[in-house]
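Each of the next two complexes has subunit A plus one more chain, namely subunit B in the first and subunit C in the second.
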Partner chain A sequence: MQAHVNRQYRVSPYLAFFLIYKTQFGVGVLGFQRYISKASGHDAWIAVILSGLIIHLLLWMMYQILNKEQNDLISIHQTVFGKWIGNLLSFLFILQVFISGTTVLRTFIEVIQVWVFPLFKTWPFALVFLTSAYYIVSNGFRTVAGVCYFGSIIPLILIPTFLAPLEFANFRNLLPVMDHSITDLIKSVEEMTFTILGFELLLLYYPYFIEPEKSQKWTHYGNLFTTLIYAGVAIVTFAYYGEDHLQVEIWPTLTMWKVIKLPVLERIEYVAISAWTIIILPNICTAFWAASRGVKRIFQITQRSALLILLAGSFIITCLLNNRMQIDHLNSFVSMIGIYLLYAYIPILFIIYHIRHKMRKRS
Partner chain B sequence: MKKWIKWMKPITLVVIAICIIIFGNVRKNVLDEIQLVTAVGYDYIDEQTATMTAVTPVFRSDASIENKTLSITANLGKEALIALNRESSANLANAKLEVALFNKEMAKRGILHMIDTLHRDPNIGTSLSLAVTEGVTKEILNQSFGTRDTGHYIASLLEHNTQNGSIPNNSLHYFLSAYYTKGKDPFLPLLKLTDREITLTGLALFKKDRMVFELDRSHLFTFNTLYGKNRFPGMKVQIGDKFVAMRVITSNRRISIRNTQTTPEITIYLNIRASISEFSGKHLKPQHVSQTEHALKKQVSQQGHQLIRKFQQLGIDPLGLGDHVRSHTRNWDFKTWQKQYPRVKVRIVPRVNIVEIGVVDGLD
Partner chain C sequence: MIIRREGVTGIRRPRKNKQETAEPPSTWAEPFWERGDFTHTHHANATHPYWITHITSLVDTEVLHRDILPYLNKLSFPTLQEVESVLPIEEKEITDDPEKIKDLLLRGYVWIRFSDRVLEGVLARAELDKSRAVSIPQEEFSVVGPKESFVESLTTNLNMVRKRLPIKELQLQELTVGTYSKTKVAVLYIDGVANEENVNTVLQRIKAIKFYQILDSSYISQLITDNSNSIFPQMLDTERPERVAAVLAEGSIVIMVDGSPHALIAPTTLVEFFSAFEDYFINWQMASFFRIVRLFSVLFSILITPIYVAVVTYHYALIPTDLMVTLVTSRSIVPFPPILEAMILELTIELLREAGARLPTKVGQTIGIVGGIVIGTASVQAGLTSNVLLIFVALAALASFTTPVYRMGNAIRLLRFPFLLFAQLWGLIGVAIAFIFVMGHLLRLTSLGRPYLEPIYPLRLKDLRDSFIRLPFNTQSHCPAYLQTQDKQRFTPPWRQKPRDIDE
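Let's look at the complex of A and B:
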């Protein structure tokens, strides 16, 4: 059950930066501000930074396990829990990855339907997206990493547009700082989970790096970059909207763009939503690559057939969800699983693994 | 097994191509075949119904613009736009909407319903200008102003008056953010049609979404100065029997708050800098300058206290004093503030500095 990966299929460690940043930065950016500010209001930007720090810690834990094992999560599960329980846990992990990939797709299609094409059907778009995902993922991990690279670089041109609403900003909205209790901040950190989920896929693509140990610093840089962007966007948003105003906006980022008017372009959010396709595609590709890779390793079938089954499943789920309420429920469901996965499961795995490791050494 | 795998990649490309060709075909909106609504007006009829007027520019071959108005009396909101389409020869599109007007009766009875429609629509930008009009909006929108499109004309009138500092920043975004912010109430510019021209007559101050007070143009300078950092285009004060006119008056505001826990005491420090541009007397002497400073100071202080007392009586807070207190208070409670607000002591301390007297020397 060794997951040995030939050198020709591996990627350079520095690509870990893009793989981490890209999977964290996705559809959540369009609307995370409202969720995080529900509990802690204008102090929620502190929660963004806190969750960034927690993820640094979790990344460190993951590397502590991965560097010792030199393998992916499925092998780790099998050595720690034995074949059956280990595979069951891996299966649950993959299910989570699969559902979050599907959620990202459906949420993005919803944005297109609300903002750009109200008459647009869900299934043709999902079909185009998922066949593109098949095309990319079936070419292997190197292609997926390449798509992540471009999906990170190209949308960087959108970053300056986050500064434009500053003209209307009122930084007094952010005062007084730390007006909320620690419990409120923790609630906001929980709400932040869905947005920054995605870095846990590292557990599966770790063996794909040339000299995997060297990728650690790049994942930390990637996470730092994501945290800074999210904190920046959160601060701009809280300065732009008052606390109660923000609660009525479903997509604060897009509504913020509604105020920008260029001489040649009446409004910018249509360009931004189109550009967001490039942002979303790598997220879906990484999710389905990881899920199909996991299925391959557990059930001993080819990755291509696993991928086809998963994509077909995702297509059906995407088409069955057809209103805001269901999508919102799905989002909070994924977010809830994410909370347990990140804040409970990874630390527990870290502890159990190290106990086992010591026991093995002694014997 | 191996065989079909080889064909999968071309198949994916074909599937993508077919999907794009068949389903990528969304309904087109060719610019020549739609009518862009640039202004809408709402007039109050009764509790349930309103007249909605929409203006669309018609571009003629000799490059002149003719304004076409359509109006309908219907239930409030979006339904009206759909109904207007029945009167129109081409599909009406609201993406280029620049201004929305409400008549005074409408504003007095609440405009939240229409604001919500404008806010909810992803096609409408939040830089949309809003204004309250004296008289029926339909009359204003039926009027042609030169060779320009009416919506654009009204929007640029409001925009340039905002930019030169005659009225504080206002647009849909500012209205919404003041509406939702606790401890702040929105205001809109007030327009009037006189002799086929639109003039800005002041501000309409709102309590939540209802207009409750009309701020006259003569109070605009004081209001703007109290509202925040400002650059006012010019005004006139009387000293003795002479008049002095000033241009570009810049002002800064600093608010200090004491006793936030019991009854807040607010002091507004104003720092006003102006230069004299006109003088009706013979020679401008140093004492005239200090008299001007004194007169301006007195005017700001008197009008300011008057306005704030009025606001406290009405229970409105267009200056956002409550929001300011919130940003200085931990665990601020809006309900307590609402009870405190009418009794809050507000002091205005203006400092006036005449920095220039123009290019003519007269101080000898």
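Let's look at the complex of A and C:
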């Protein structure tokens, strides 16, 4: 089955920048520093850059497949592995997308519960938030891309706030550079995975660009921008916190904001958490858009009903998780799947696809 | 002269009118319509006696007495062709089709016959087209620039537009809409500039209207708009002829309705609603500054009371200590929670606005003063509301009036209430949630199928030159991209020309 997309539903290639950047930049920014510094301490910023480079490579691999096939992952799976195995793999991929979307929502609700409202109930917020996701996703990919666009532009005003902690920063914390082994760095790169997951959705929305080939450079720019922001935040964090101090901070970014004082505004982290609602909306919308689109392509049901089922499922899962341990487990679970998906599955798919492609050409 | 007063006019009782249309034509030879203002006169004193039939309330008596009767009295041959040739009126014809006769009589034509036993006669136009004089724009007032505004007559309005665009490419399609009102609707566009797809969409949608009465252009806008459930207007209405001329030249389509002093502009974008036409009369730095002020005042107007409610209810830690003192002193005697306080004040402002709008100007002003000063001060002194909130609400109301388009101002004022409720529910996070819904809604909206948020999304850098800021005229060399015009470039921009060297 061809994933033909009508031209009126397609978007311009430059939006790939925002789609990639926005799906990578999410709730992870609030607390990724602790995870990555567990293994490699103050050298973890190198791991951020390394993972950025790896993703550039993975993006290139994805484009090598997508440009040849001019179609989405579900069709690629079907041509490479046949209908049944292909659909099974696609289903697993969609499951991963769905679970990571749900994790983002639950983690964000946890942030609200810890930082803003201790007695905040999970279900009303999840219900309202998923309703807004339905409202946006049900209007198609153009609107989802639009939300990504605004979700990237509006929070840019928060970037200067990352500079404020520099007043108390000590850049000697970063020295000596490279006093951790390569294995430690690789462990940090693994920890970084959950934070920068999201770009793999490109495999599903690729056919939605007007001239899909032209989107490649924009995805690379998007990834570069994400890497720079993460690296910048990581450096500021490591300069601001001592290495031991960082290990006891679950959300170092939020704690850093506490130092900012404006004449009309103290405790800027409240504003930032509210703004984060707008930041994570695109992540959830893209995840559910991609998941529902995949379900539609595999099971031949309408995307609207697929979306409703997925949102209902996500709502139930979100409500069932109610403590820090469970959320942490879910995060590490998603992170683990992410590692296999990125660092093993995409290169394997790349190799198998090219072998099959050559064989087909010969015959 | 035979005038019989029975019943009321056909226009007031359209149902009966419909029944009469079905009458067999044979009875038409008789004076067919016995109505109060229907006249059927025999002029026996003329050289060749003739009959004149018309509806007095629709016919301009001056035209009848000056341009019709003298010529008929001096006729040399009693033929209809002769009548048609001597009358100094452009629109006239000979017909015996009863339907047509009836239709033209109802549009202010005079029916001239030599015998009341036959149907065939000359129909000459003597329509009474009375409307108020062209006056100063009331809604879109401007300090500098032209001071003409549209009136209720389509002819006058079209004249004002044509005068500003004397080119043959200006096309006009006239349609009749409304089963009872038979309103004339004119669709204007410039051939070769406007996108044909847009023109066809507009014509199609207007033709598809099934409604009994069109009394104003806002009826049309509500009936053909993309999403009629949205509080945001998706068609721009204006009362300024120069704005119409300007958007026509850009490639927009303008809809004008007889009896309405407002023209509709489509397609349009959200940003257009925040640009006053006066921005083009002042230099670009000023215009850009005012536009940015307007943008911020809109944000302020929507967000300030919800933020106040959110912060005072939940996030008082946000407020620095010094400011806290001021707030606490102001709020200490108020017995209500912030949301109730805010709702009371917001509704008071709405009350004042509505009362001011419904009353005659002079009384309205008094109400404004009474409301603004007396009620405001009294409620603070009585301890019902706090000073700080009173300032915020008054400023927010003022800010909402900076929107140049009245309909948009209304939308903004209404938008504040869902924000307030969400702020009470979840504080600042609630405000963010409300914002998400508005953003999602705006992203879904279209105007004639074109994205409503353009040039912000989809991002079109060229169109940003005339959106939040207005760059000088020599940079506005292209038609806006969202209109998808046929002829894109209006003139060669100066940076394409060779720059002049020093002292040469």
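Convention: the second predicted complex is superposed on the first by the 363 of 363 C-alpha atoms of A that agree within 3 Å, B and C clash if a C-alpha of one lies under 4 Å from a C-alpha of the other, contacts with A are read in each partner's own complex, and residues count from 1 in each chain.
The rule is short, and it goes like this: contacts are C-beta pairs under 8 Å (C-beta built on N, C-alpha and C of every residue); 3 or more make two chains touch, one makes a residue touch a chain.
What you see is a predicted model; the values in this text were computed from it and never measured.
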| item | value |
| --- | --- |
| First, second, both or neither for A:95, with subunit B first and subunit C second | neither |
| Touching partner for A:135 - first (subunit B), second (subunit C), both, neither | both |
| First, second, both or neither for A:352, with subunit B first and subunit C second | neither |
| Partner chain in contact with A:336 - subunit B first, subunit C second, else both or neither | neither |
| Partner chain(s) touched by A:210 [first = subunit B, second = subunit C, both, neither] | neither |
| Partner chain in contact with A:241 - subunit B first, subunit C second, else both or neither | first |
| Which superposed partner A:57 touches (first subunit B, second subunit C, both, neither) | neither |
| Partner chain(s) touched by A:149 [first = subunit B, second = subunit C, both, neither] | second |
| Partner chain(s) touched by A:266 [first = subunit B, second = subunit C, both, neither] | both |
| Footprint overlap on subunit A, comparing subunit B with subunit C | 117, 125, 128, 132, 135, 261, 266-267 |
| Complex contacts: residues of subunit A adjacent to subunit B | 114-115, 117, 119-121, 124-125, 127-128, 131-132, 134-135, 138, 168, 170, 172-173, 175-176, 179, 241-245, 248, 254-255, 258-259, 261, 266-267, 269, 304 |
| Residue ranges of subunit A in contact with subunit C within the complex | 11-12, 14-15, 112, 116-117, 125, 128-129, 132, 135-136, 139, 142-143, 146-147, 149-150, 261-267, 270-271, 273-275, 277-278, 281 |
| In the complex, subunit B residues that touch subunit A | 5, 8-9, 12-13, 15-16, 19-20, 22-23, 26-27, 95-96, 122, 124-127, 169, 171, 173-174, 176-177, 179-182, 184, 323-324, 327-332 |
| Residue numbers on subunit C that touch subunit A, as the complex places them | 314-315, 317-320, 323, 426-429, 431-433, 435-437, 439-441, 443-444, 453, 457-459 |
